[in-house]
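Quick heads-up: structures coming right below.
In the two complexes that follow, subunit A is the common piece, with subunit B as its partner first and subunit C second.
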Partner chain A sequence: MVRNEKISARQFGILVALYSIGTTILIVPAVLAEEAKQDAWIAALLGVGIGIVLVGLFIAVGSLIPSMSLVELMEELLGKWLGKAVSLTFIFFALVTASELLYFVGNFITTQIMPETPMQSINIIFACVVVMGVRLGIETLARSAELLFPLFVFLFLVFVIFVSPQVKVENIQPVLEADFKNLLRAAIYFISVFSLPTVVLLMVYPASVNRPNEAKKNFFSGVIIAGVTLIIMIALSILVLGVTTTQLQIYPSYSLAKKINVGNFLQRIEIVMAGMWFISIFFKLSLYFYASVTGLAQTLNVKDYRFLTLPLGVVMVALSMLVHPNTLHSFEYNRETWLSYVSTYGLFLPLLLLGVYAFRRKGRQDMATSSNETKSE
Partner chain B sequence: MAVIGILAIAGIIAMAEVPRLRRKGHKKELWVFMLLLLLGTGISIAESLSVKVPNPIDGIAYLYKPINDFIQGILK
Partner chain C sequence: MIRNAALFFAVLTLLLFATGCWSRRELNDLAIVTGVAIDKIDNKYRVSVQVVDPGEAAGKKGSSGRSPVTLYDASGDTVFEVIRRMTTVTPRKLYFSHLRMFVLSEDLAREGIGKILDFFSRDHELRTDFYIVVSKGRAAKDIISILTPLEKNPSTKMFTSLEVSEKAWAPTVAIQLDELINDIVSEGKEPVLTGILIKGNPAIGKGKGNLETIDTPTNLQYGGIAVFKKDRMIGWLNEEESKGVSNLTNRLDSTVMEVACGNNGKLAVEVIRSNTKVKGKVKDGQPEIKVTIRTEANIGDVECQIDLMKSKTLYDLEIELEQKMKSDAERALSKAKKLKSDIFGFGEAIHRADPNYWQTVKKDWDKHFPSLPVRIKVDFKIRQLGTTGDSFQNKLKE
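Right after this comes the complex of A and B.
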């Protein structure tokens, strides 16, 4: 059942773009402004550059055995038991991160938009939509991404056009003042949120994409679109709000949307603009959840993953209320632990898989040549 | 009150899925399903009664602390 689902290369590119924008658009400008001050956009540029290299790595891992998803690949390359064990930690990673994203949604809405609504109710409603989407399958998710992407682009363009009259160029000057180490720290934080989590998409690519070769190109272009969007957003935050205000906000791009004022008439449309990040966060969350659900189904060798969605959805909501007792906790986790946690799966695991694959192939070749030699003797 | 609500939701979920799984005779699926549902409801009920539940993220932070300190040391 899972095997029959195929999405087109174009849909995959859109999913990549929305996934990479995800929560990055909301939380990243503050930290980048804190680390690199007015040069935050340069750090983002650097981060996008490294991100493109990482996409090359992910594609290399995906191309090892194109008919297999990441979890199946692990089982194939690392052996049955070790593969299953690593898969389970990967599923745990995806599920915990999904519930962390759900926490972000709840926290964003309760602190910025609806302060009197309990967070549980928002999380439950949002989780219902995500569970519904994942239950309907990746094809449905991809098609809805295709439908919502133009809306996203439209909102983003409106956002940029309406905010740009308030740009103050002095805010970004002097350029290149940050020293290299700060710039590097900011860039590393950026890739830890922006491109390392993309490894989760290896559950979709290439096994569920109908033309994997075309999808390679779209993988790159999706990341580049997302990168440009984020660089513009970060640059605008600093240009309009200034470094100090940007770094003091939890959600700088939302405060940026509050600044929109066209002829003292079109004001306070930030909630319309928030539609933009609801779209991107929805897809990021759905893909994390999809990865954990299908991953678990593949680890347990069951054909249909659908029956897992509801109970795992309950677990996800329960975890989302548990993972961060307060904003400070989430801040600390994202600044400190997240980098090494996500690198385990986003950097170390792909390299390990590539290494094991090369080693085993070499071993097989050696065996083949030695058996040939014995034959010729 | 919250506990009753959680149990009701768990009941609805079980009613929606269990008959289908049982009809198909998927034993393993049924076990996994029940286990996960039990886990989810368990954590939810514990939270609603404000029982302290260990936070998985704190566990991760503890496990990764040495690597973390090392990386932060390089970057500082």
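Right after this comes the complex of A and C.
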């Protein structure tokens, strides 16, 4: 595999932040409000805390063999055939999730903005941009993230400033009423959307980052920036809309944006605000897709992954129409199936790889000279 | 080079197909709904919508004598069905994003409004920024059939009038959909809505004649607050009680209060700002509410003999006004207690103060509420006298 593409540590940090905000910003407030009521923001805080620990885990896996991506690492550590088999399931995971996100984009637009438009047309247009981005490579994606991030920050700040006059502090009182069990359940849901999918970034980090050590720091700060953004968003949803409305809405953040009204003049700007999550969802989707495409190329030992983007893009669009027959199915999937699916790759796989690595190194030390297998580059 | 140019033109042609949105609806395809009224007649919903006549509303070129808005109605079993059925009479499809007023008939409100609100919170076209009111003793349709002077669009008139009267007069509440739903669902707070009534002869109000005289024969007026229990209306509050509601729920911005002074004269003050704090407390298993109202006012109108040269006069007035405010609040409170409906959100205050205790009473809070001790403390301050000092009437006597 020729690896001529490198992104800077700063770009990586921005990608991490946008990736983690992704769809979380739109869907998570409703579920958290349902589980933890007015304490949803505490659950998010808890979730971000655990998320930071998970980043430590991902970095540990990434630093095992810094020149290899996750898929190559699996092949190296688990053996050729088992490694390839696990890689294929991982690629499937990334592709299905990418198509799920695509479904999500289509669903959001057809629910809130253009109900009569067929979802296919939205999905195809969005997928075109994603395929184009991935074809142009991770460097291009990272650079566009760098360009769009200030816009994201600007929209977010405008959002927060314009919504904050309507804050009612009583809405989050009494604080800490939810019992720990509910809080934990909410936090686990939060992690399943916010931190566990970050494992996909191991396809980029550290192999495609030019200064992996610096990127380590940015990995953390990216997750923290995303975490703070989400906590603010969740807190604002509850502070302004109240627990009941937040949990009843399918997209509470969008309803929140609808509340913006500055002096009966600056109002009805929610669609501008929606630009914010189109940015974050685009990067989340692109990175999932990038992971599945490069992963497949590496598993098949192909030098250049680019020719795979178009066929896989078509598959992704087709899958996006098939993954969920209706909205409720996607809710149930997100709340029941997703956690176990994502933790297979986001939690158990990294632990397994660390375990195998430690075991192998121990074995190597025992046999000191006889085996050079794992050292080969 | 040629290949690039060909590609460029191919992309350019593609652009032609990529213009505009799929579900676009141009302004001339829309029937902009500004007011909705719902009645229940023979177990069916009758939905009436007030639609802007764009040719008339546009304004400057002089009106052709047509009414600025028109009204359509239809009946059916569900709100959504009725609204779509209206396409059989409307020339265009109704567009709800600019809805301003939502009028419910009193009969419907007494039966329960929960069922009809779902459509309005589910449909993507609707926003939550319209006001909801209850028509007092009349069909809701009659309310939105009245033509109004000054504001061409009657719904806009109702909207701004409610906003202004809440700010400057107080005994009305401007409630929007999300707040109403929150209050219906909340266990420690019951909803209230402002009542609207027709002053004058409704038959005249429907015609253009209503706008042709200086003294408008028929007008729409807000009056009273409708008290709900969950989604069912259970009673009306009168003006004083309604003022009490504003006092107790921190809705009071500005209003005018009058007190008797001197020998059979009156004096009015203008409240310029007011802040209400509600604090719940549970002591030895007994809930208790403490309400602190801090109000500042200016002297607005002196219609009696009073010495405004001494500050002692103001202190006496302050005490009197404190009493007055307190009695308004107490009257509202006792009425609400009689109706067993916690419209002030005291249950939520108890919830905030002691979540554990709340768990034990929230199920039958309406039984606990009537015996809830509420201590109301008013701190009234008169700051300024207006542009004149002592009243010229005092000079008259001499």
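Definition applied: the second predicted complex is superposed on the first by the 366 of 377 C-alpha atoms of A that agree within 3 Å, B and C clash if a C-alpha of one lies under 4 Å from a C-alpha of the other, contacts with A are read in each partner's own complex, and residues count from 1 in each chain.
Heads up, the rule we're going with is that contacts are C-beta pairs under 8 Å (C-beta built on N, C-alpha and C of every residue); 3 or more make two chains touch, one makes a residue touch a chain.
Owing to the predicted nature of the structure, the values given are computational and were not obtained by experimental measurement.
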| Looking at the combined model built on subunit A, do subunit B and subunit C fit side by side or clash? | fit
| said: Please compute the subunit B to subunit A to subunit C angle from C-alpha centroids in the superposed arrangement, rounded to the nearest 10 degrees. | reply: 110
| query | After lining up the shared chain so the two structures overlap, which partner does A:317 touch, if you call subunit B first and subunit C second: first, second, both or neither? | reply | first
| request: Scan A:113 for contacts with subunit B and subunit C and give back first, second, both or neither. | output: second
| task | Have a look at where A:174 lands relative to subunit B and subunit C in the superposition and call it first, second, both or neither. | result | second
| Of subunit B and subunit C, which one contacts the greater number of residues in subunit A? | B
| request: Could you look at A:96 and tell me whether it touches subunit B, subunit C, both or neither (first, second, both, neither)? | output: first
| query | Looking at the overlay, what does A:245 touch: subunit B (first), subunit C (second), both, or neither? | reply | second
| field | subunit B versus subunit C as contact partner of A:258, first or second or both or neither | value | second
| query | With both complexes placed on chain A, how many Å separate the closest C-alpha atoms of subunit B and subunit C? | reply | 12
| remark: Counting only contacts in the complex, subunit A reaches subunit C at residues 111-118, 121, 170, 173-174, 177, 241-242, 244-245, 248, 255, 258-259, 261, 267-268
| Which bits of subunit B are touching subunit A when the two form their complex? | 9-10, 13, 16-17, 20-21, 26, 28-29, 32-33, 36-37, 39-41, 43-44, 47, 53, 55-57, 60-61, 64-65, 67-68, 71-72, 75-76
| request: Give every residue of subunit C touching subunit A within the complex, in rising order. | output: 21-23, 121, 124, 127-129, 178, 181-182, 185-186, 348, 351-353, 355
| In the complex formed with subunit B, which residues of subunit A make contact? | 92, 96, 100, 181, 184-185, 188, 296, 300, 302, 307-308, 310-315, 317-319, 321-325, 333, 336-337, 339-341
